[in-house]
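Once you scroll down, you'll see the structures, which are given as structure tokens.
Each of the next two complexes has chain A plus one more chain, namely chain B in the first and chain C in the second.
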Partner chain A sequence: MPEPILHVQDLKKYFPVERSLIDRLLGKSRLYVKAVDDVSFEVYENEIFGIVGESGCGKSTLGRLIIGLIRPTSGSIIYRSSLLKRTVDIAKLREKELRVLRRELQIIFQDPYSALNPKMKIGDFIGHPLEIHGIAKGEEKRELVMKIMEKVGLVPPEEYYDRYPRELSGGQRQRVVIARALILNPRLIVADEPTSNLDVSIQARIIALLLRLRDEMKLTYIFITHSIALAQNICNRIAVMYLGKIVELGDSQAIIDEPLHPYTRLLMSSVIDPDTCKLPRVREVSEPPSPIGEIKGCRFASRCPEKLDICLKEEPPLVEVYLGHYVRCWHYVRR
Partner chain B sequence: MNILEIHNLEVVYRIGRRNVLALRDVTLMMRKGEIRAIVGESGSGKSTLAAAILRVLPSNARITKGKIIFDGIDILNISEKEMQKIRGSRIGIIFQDPSATFNPVMKICDHIAELLYVHKRLRWEEGIKIAETLAKRFGIPSERVYDYPHQLSGGMKQRFCIAMAIATNPDLIIADEPTTALDVVTQMQVLSMLRDLRDEYGTSIMFITHDLSLALSISDNITVMYSGEIVEEASTEDIRKEPLHPYTQMLMECIPRVRSKIDFRRFDIEKIELPNTQGCPFSNRCRYARDQCLKEDPPLIDLGGRKVRCWMYA
Partner chain C sequence: MNILDLLLKRRLFKKFRPNVLIIAGLAIIVTLILLAVLAPYLTPYDPTAEVARPYIPPFVDPKHPLGTNFLGQDIWSRLVYGARNSLTVALLAVAIAALIGVPLGLLSGYVGGAIDKVLTFLMDSMYAFPGIILAMVISFVLGPGLLNVALSLAVIYVPTYFRVIRGTTLTVKEQLYVEAAKAAGAPLLTTLRYYVAPNVIPVAVPVLALNFADAIITEAGLSFLGVGLPPTQPDWGVDISLSRGDIIHGVWWTTFFPGLMIFIATLGFLLLGEGLTEIIRGT
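Our next item is the complex of A and B:
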């Protein structure tokens, strides 16, 4: 087994909810949205680790925590840095050290339209991190930018360098975003829904690009997506999140072959199979519970077709059912 | 009987000093009770088409050619006042973002009551009663109609949008990416609701989406658009079995499936993605492109029962 490059342990991020003046005068206690609640996992060098879940499950918060864009409430994010030549806890790092680490940790966002600066030529935009980190400027910068543009398929680079974002299509913009993320030669990239705004034919090309770059630049990806079908297609391992917690974690293939958690099965059954052309019948209509405040028992219980009495009372632990295949469900707890 | 007929529609946007063709020669017939999916990527003109039918194009857009006939009415040649009677009443609209549909300081029931007052002259209390019945129909407890939009989840808001769109019993519903902002599970619920609506009331639905798999699961017929043109039009069954246009074929291949894996690496070809200005707009991404494709845009070829815009079938 290779060494993990990243080890997330008991990570929590609680966002306080604004109380109204009346609530405050009445002395009601502060409520929290538990966006990420006690999440632990490891990411190995050169793998693609998928985080799958619906909007609001905390997957994007988790991505931002990992690269230090936001600070956790508690828990640790142990990262083996090659630049600092030691193991650091991103959760406890000072801003100054974090800035150095940003060279190794990068993020790609979903919307390539708002990620780009409309007033900046795309060549300058891609090369900006080089100046910020004092690595290169002027002619040297231009050369490095050209090289990376070629890598991401913005060819010929001379033709793209002086263009503005508005002249580019969605797929090309996402290539620009990827080029900027790669210019500092990072090791770990958090890709937060990088293809959700694109049509499937462009999505396929961006995914192809990311796969090639992983080999060429020895990258590790944390791939955040709402599409379990896409995750199963490209990830080595997958974590399924529901309301702030990991409910299932395992090898992609293991989850395809035998999804354990009822929520994972629900997600898989709502994927449309274009070969049969049938509208999947999703029977349940109930909504997920509010993420604010305490949830009693299993957080999926209100929507679960297989719930037991205990599910409403007590939160199930994460248990290892097969080697490396974990699930948080009472059905798999030996009692 | 056609509920909607679009003949040779052309829409031009004025951007700076340039004119940009958003729709080129779009001809489309929709039967009563049909669910028609319009599939295309962003910028393909599918939303412009919806805006043109509703006559709500942005101020820099102009319809330069063509006719739109809705239930026998030439809607490009009627006054704005007459159009207002059709819009929201005989043609219902569902937008992508449900939160942008509602006025944040108005209760849900008042939205529906207002709509019914304006179009059907119903008294406010009656409107609210109808709002309650509609809520129940869509699986929402009826007391939730007294909530403000921010108190509802995204899925509930979108269900209320559908409720609002059908409150006046329209003949045609235009749904522009109605499920894009929703979770996969809620998405399936909303789709089945639209389908039930057609099955029960015979409402015609124009379902606009960038997701071919959604189109395949809900529609009777599919129109594929690329760069402002219709490139393929066929029954959903035909598209599923045998997509003809190279773009449609590409879309079919790229849909992620649960149990079979796509070899993404073969899509890593480095070509420019912007549409050609000359010739077939898809030719720069097409694996079958020939010299002719680069020079001349193919016509929409009628193959009897289905249409395709590609030189391979000429």
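Our next item is the complex of A and C:
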């Protein structure tokens, strides 16, 4: 196994909930949304690490925490930087140092319709990071931008360089987003549902592009998606998140072969089989509980078809069932 | 007529209307600017000189087409030179107000926190004060003069820009491309300049035109009340003020023509502002 480049330890991000005036006068205590609650994992060089979960489970927040776009409530994000030639804790870095690290840590945004600055030409938008970091400007910048545009399939680049975002299709816009993330030659990229806002016909092409770029540019991806099928297809390892916690973590293949957590099984049974086109038989349709405030016991218990008495009382620990395959469920805790 | 025709007509009408407003407004404004710029070529007289006998009625003496006032000054000359003063004051006032209000609004909306609270409170207190009274007080303290009037008008317009810009900034701030700026490592000022401001400032353009209209009428008001331009200056407000006793003697033209000019100028900028507002709302 190669060395980890990222080590996330006990990471937490709590967002305070606005209280009404009456609540404040009554002295009710402040409530928090625990978007990310005690998450730990490692990411290895050149792998694709998938984070899977429903909308609202905290996966996008986790992605933004990792590259320092938002600051965590507590915990550490240990990153081995090649630029600074040392190991740093992203959670504790000052803004200035964090800005330098932007060259190594990048993000591909989910919605290419709002991710592009409508008042900037495509080429200038892609190349702006070069100017921000004082790497190149003018002709030199133009050349670098053209090169990266060719790489992401915006060809011929001269034709796209001076266009504005409103003149591009969704797929082209996503290529622009990818090009901008790549222009600084990063090492680690958080891809936040990079295909979920695109037409199905274009999704596959964007995924193929991301995979090709990983090989060409030696990238490491943290791939955030709500589709467990997609994650199992392209990721080396997968973390399944539910309401801010990782409930299962392991190699893709291991999770396909034997999903341990009832939630993972629920996600997998929801996938429509393309061969039979049969609608999946989903046993329950309820929504996850509110992430505001405290949840007693296992957070999945309210939806779990296999819950035990203890599930309602105590939170299960994360246990290693097989080598490198972790699950947070009382069924696997030896008592 | 089928439905498609109807839809097409509707859309055309919708597109057509703001354009008509803007063209009408611009026509008036351009004419006024021409009057102001070309004033020395449009009249042979000094607007402050007594050039003929007083109270010549309009349309009688071809040398004085709009007549003369109680001092024997040529009314036409005073109107065109008045356009100069009126537009200069309005331009200065709006420019100063925008130069202060826009950056503060951007900063307040984007940074938030304590700065935002303090600035918003300050601006709201200013906004709560009746505009003309505030301007009168400031103008009275500063004394008469073109720049002073412009300054006192600017003070009442700053909160308008601040509010409009701050509100839009709050929306733009949530856009992914602003987060993209942060992800690229852009410092605060770079983010504001290239990612926030260009997407916020267009909404202030109609406000600019509407404030212009307000500035013209308020400047005339201040001058009428004697806290605006000094009474020696050719100015529409000053003219009405000086000649206001004439009306009871049947001399209508000394106040009517300056009043008409105020009306036309205000109308021009209002039309432009309304047209721009509709276009911005439409897209």
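The criterion applied here is as follows: the second predicted complex is superposed on the first by the 334 of 335 C-alpha atoms of A that agree within 3 Å, B and C clash if a C-alpha of one lies under 4 Å from a C-alpha of the other, contacts with A are read in each partner's own complex, and residues count from 1 in each chain.
We take it that contacts are C-beta pairs under 8 Å (C-beta built on N, C-alpha and C of every residue); 3 or more make two chains touch, one makes a residue touch a chain.
In this text, all values refer to a predicted model and were calculated from it rather than measured experimentally.
K.L.:
Evaluate whether chain B and chain C can sit on chain A together after superposition, giving fit or clash.
P.N.:
Overlaying the two structures gives chain B and chain C room side by side.
K.L.:
Please tell me which partner, chain B or chain C, touches more residues of chain A.
P.N.:
Partner touching more chain A residues in the overlay: B.
K.L.:
Quick one: is A:N117 in contact with chain B, with chain C, with both, or with neither? Answer first, second, both or neither.
P.N.:
It touches chain C, and chain B stays clear.
K.L.:
Mind working out whether A:E139 is in touch with chain B, chain C, both or neither, as first, second, both or neither?
P.N.:
Neither partner.
K.L.:
Just checking: does A:I228 make contact with chain B only, chain C only, both, or neither of them? Give me first, second, both or neither.
P.N.:
first
K.L.:
Can you pull out the angle centred on chain A between the C-alpha centres of chain B and chain C, to the nearest 10°?
P.N.:
Approximately 70 degrees at the chain A centre.
K.L.:
One more residue to check, A:V200. First (chain B), second (chain C), both or neither?
P.N.:
After superposing on A, A:V200 lies in contact with chain B but is clear of chain C.
K.L.:
What is the minimum C-alpha distance, in Å, between chain B and chain C after the two complexes are superposed on chain A?
P.N.:
Superposed model gives a least chain B-chain C C-alpha distance of 5 Å.
K.L.:
On chain A, what residues does chain B touch that chain C touches as well?
P.N.:
none
K.L.:
Name, in rising order, each residue of chain A that touches chain B in their complex.
P.N.:
It is residues 54-55, 153, 155, 168-172, 197-205, 207-209, 211-212, 226-230, 232-234, 256, 266-268, 270-275, 277-282, 284-285, 287-288 of chain A that touch chain B.
K.L.:
In their shared complex, at which residues does chain C touch chain A?
P.N.:
Checking each residue of chain C against chain A gives 175-177, 179-187, 190, 194-195, 198-199.
K.L.:
Considering the complex alone, what residue numbers of chain B touch chain A?
P.N.:
For this pair, the touching residues of chain B are 40-43, 139, 153-156, 183-185, 187-189, 191-192, 195, 210-214, 216-218, 236-237, 240, 247, 250-259, 261-262, 264-270, 273-274, 285.
K.L.:
Note which residues of chain A are touching chain C in the complex, please.
P.N.:
67, 69, 98-100, 102-103, 106-107, 109-111, 114-120, 128-129, 132-133, 177, 180-181, 184
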